[in-house]
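Chain lettering (A, B and C) follows the sequence in which the chains are written, and residue indices restart at 1 in each chain.
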Amino acid sequence: MSVVVEYIAKGSFVHRLNPLTKLFWSVTLMTLSFFFRDPRMLAGLFFSIVAVAYMAGILKEMWPAFKGLLIVAGLFILFQIFFIADGKTILVLIPGIQIGHVKGIGRITDQGLWGCLAMGARMMVIAASFPVLMGTTKIKDLVVVLVEKLKIPYTYAFMFVTSLRFIPTLMQEMDQIMQAQCSRGHRLDEQNFFKKFLSLCPLAIPLIVTSVKKAERLAISMETRGFGIGARTYLYRNDFRPIDIMVNIALTFILATGLFLNLKGIIG
Amino acid sequence: MISVNNLSFKYPSGVEVLNDISFTIPKGAFVALIGQNGAGKTTLLKQFNSLLRPTTGRVLIAGIDTSSATTGKLAQKVGFLFQNPDHQIFMANVEREIGFGPKNLGLSKTEVRQRVARAAAAVGLTPYLTENPLFLSKGQRQRVAFASVLAMKPEILVLDEPTTGQDYQEGLEIMEMVKELNEQGHTIVFVTHDMELVARYAKRVIVLSQGRILLDDSCHNVFYQPAILRETNLFPPQIAKLIQKFAKQPFEFGKPLSVDEAYQEFLKYTESEPDVCCS
Amino acid sequence: MKPVITIEKLSFSYPGYSDVATNALQDISLQVAAGEFVGITGPAGAGKSTLVLCMNGIIPHFQEGDFQGKVLINNRDTFETTCAELSLQIGSVFQDPEAQIVAPTVEEELAFGLENMAIAPAEIERRISEALELIGIAHLRLRSTDELSGGQKQRVSIAAVIALRPQILILDEPTSELDPIGTMEVFEVLKKLNQEQHLTIVVVEQKVNILMEYVGRLLILKNGALVADKSPREIVNQPNLLESIGLSAPPVSQLADRLKTAGLYTQELPLTVDEAYDGLTKSFAFAKIERV
């Protein structure tokens, strides 16, 4: 989980870009991915994200996330591919058996293959830019941009950021709860699905109770430091630098060109 | 009862926390495990019920090798009282909460009911059996946790910081119950950083520093070795600190730990040097 | 000189407890002067935490209940003043080191309160440096908050609160989750703030031994009522007082008291090990022999 949202400190130019620029980059990618249908173009977009991660010097840390995405996309393709019947049949898994008027079980058609690969690649493009964004942007900078430029109310941005800060804390609590319950003979290796679900109760309830208590105490601590009384200032501001302007112009150009060529049927 | 042989333990991240530890705790012992933060005390305690297993070496609990026994199996022998009762409370009433452990042991309904009744009575929670444990006070919740451990009837009782975060009086009440159990033959191992508590209850003290045993001796001997204790950032209890200041005096002050013992020493001193007193 | 904290006939009961025989707080009246170092102690359920919440405005603004009487912080009535305004007068630090820290780094944690108060960025920077220096944790500025020890976390919370420059600091069992080293770190910081910055400190603790060593005045609560308001010296001379509320005097004080009753100890009852040593050497004329 944390590999998706943790800031990885390196001094690359990607890190130095204004969060707004990086958000625009993410939006550009997502927009293009919705219009492109060719899995090769979409794969190209994905590799451009990998290239950006490399430029930012965080490719090694991003690799587990990318790998995970590849697996999810692969599974998705696997589950969908047998349900698209249009087009020419390329492959049949179990030929010979006929069900109704359908010959063979597990038919893969050319359109099915093409379409599913495109869907899988699109999913990867949409999901892959987020960890790269979070890995190169300090959360506090992101919050400032969200609140000041995108006019999201501070309270929501704050809730998001603070929840992230508590993830390690709650994971430690969960560890301690598991140890306490196992020491009372509680078993976590149930095979039966229903029993497995029930075996989570002795873990979930203490975690929820502890979390609620912590939340209440945190709220009191925040109130005694003036939280939420009105407009606030920020210690760090992010300026728009020449490099940001250049990158944004480049992105706008890429987005406009991509959409134009796509609508004209030339690419995508 | 507990036999630790050349135990070393490393976390998966590579951090070595315990380094070649060996000791034996016989049945009926009352042992305190002390050391600064990060010395490995809690890590060592968790070896006793397989929550953690040795990287090298062996731990035997009542003859059972922990590396081949599950925590669930060892739960019958080792009762573990954790610092925060809220990490385990989840049932709607105290009776079911205390019964959770015995139920996990596979005991009959009658047996579970009997054990719950007895454990609740031992900690004074009988009037609260139908209450929701979440609505009890902190001290009462700690007693629910304690009863939950007692209901498993373990021969060995392991306590991790039993009085930290507690009201002074309630902390003492728990320790008095533990003392009673020790008098009935249970083996007790507890971790604390309250040296007054150690002086008051422990018969034997093991001092851990950076994963190794620095001292393993009686209470009195351990607290009168200030140089070694300082090495591990521990302070002896007040009385010991005070008497150690008289170390250069010709009179042999012995090794008192309680107010009583210290008082007796001063009486002895006045008897031996009757002309010295009351300037 | 006007007192910084004035409490007049304060009574409070939590909702749903109005029919209970005793309130959480019963008819409490007291005053604290500027620059005092006050300790509050008492058994569990005595009302210590409730009293703290009444002083920083959480009661009545965020906690409902039956509130009678008046609490004035620097002459401001807590009933009429918002928590945020009060936080500029009285800063609060609580028991759970985890549940006070809001930010991922120490610097952001200190900035939090200052940003909330819409203080200019340059001033925020100044105050953060100042607070970190005062508490002696300037080296922790860029550290991640979840890597800190308990004692460090509490000192960060203290720094975050004093960055708002309140004149009063109130702490509710700040060391209960800490080990002896962490406890000492916190109390040494409090001592420094009190002596060098002349902050008024009110600290609630169960650890009577450490309160005796640091505070100038000890308030004892039991069942919601104020049962004693004395200096540590006076309390140590009345051993029954602490016993009656289920607390005990420091062991060295108890020892000296017993020796005094036997006619062997002639000095003032000690509060600390050092005082006990001095007193004993004088009573027993150990001075003849070289001191350790």
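Note that a residue touches a chain if its C-beta (ideal position, glycine included) is under 8 Å from a C-beta of that chain, and two chains touch if they have at least 3 such contacts.
Computed from a predicted model, the values in this text were never measured in an experiment.
Chemist: If we define chain centres by averaging CA atoms, which chain lands farthest from subunit B? Would you check?
Modeler: Result for the farthest chain: A.
Chemist: So which one's got more C-beta contacts, A-B or A-C?
Modeler: Most C-beta pairs in contact, of the two: A-C.
Chemist: Suppose each chain is reduced to the average of its Cα coordinates; what separation in Å results between subunit B and subunit C?
Modeler: The computed centroid separation for subunit B versus subunit C comes out at 29 Å.
Chemist: Measure off the straight-line distance from the CA centroid of subunit A to the CA centroid of subunit B, and report it in whole Å.
Modeler: 46
Chemist: Please tell me the distance, in whole Å, between the geometric centres of subunit A and subunit C computed from their C-alpha atoms.
Modeler: Their C-alpha centroids are separated by 46 Å.
Chemist: Enumerate the residues of subunit A that touch no fewer than two other chains.
Modeler: 213, in rising order.
Chemist: For subunit B, jot down the residues that touch at least 2 other chains.
Modeler: none
Chemist: Enumerate the contact residues on subunit C facing subunit A in the complex.
Modeler: Checking each residue of subunit C against subunit A gives 53, 56-58, 61-62, 82-84, 86-88, 91-92, 94, 96, 98-104, 107-108, 111-121, 124-125, 128, 145-146, 157, 160-161, 164.
Chemist: Please output the residues of subunit A touching subunit C within their complex, sorted ascending.
Modeler: Checking each residue of subunit A against subunit C gives 139-140, 161-162, 164-165, 168-169, 213-215, 217-237.
Chemist: Using the touch definition from the top, list the residues of subunit C that touch subunit B in their complex.
Modeler: 43-45, 95, 149, 176-177, 179-181, 206, 208-209, 246-248, 250-252, 254-255, 258-259, 262-264, 266, 273, 276-277, 280, 282-286, 288-292
Chemist: Show which residues of subunit B lie in contact with subunit C when the two form their complex.
Modeler: Going through subunit B, the ones touching subunit C are 36-37, 137-139, 164-170, 193, 195-196, 233-235, 237-239, 241-242, 244-250, 258-259, 262-263, 266-267, 269-270, 276-279.
Chemist: Can you list the residues on subunit A that touch subunit B in the complex?
Modeler: Interface residues on subunit A, with respect to subunit B: 173, 176-177, 179-187, 201-202, 205-206, 209-210, 213.
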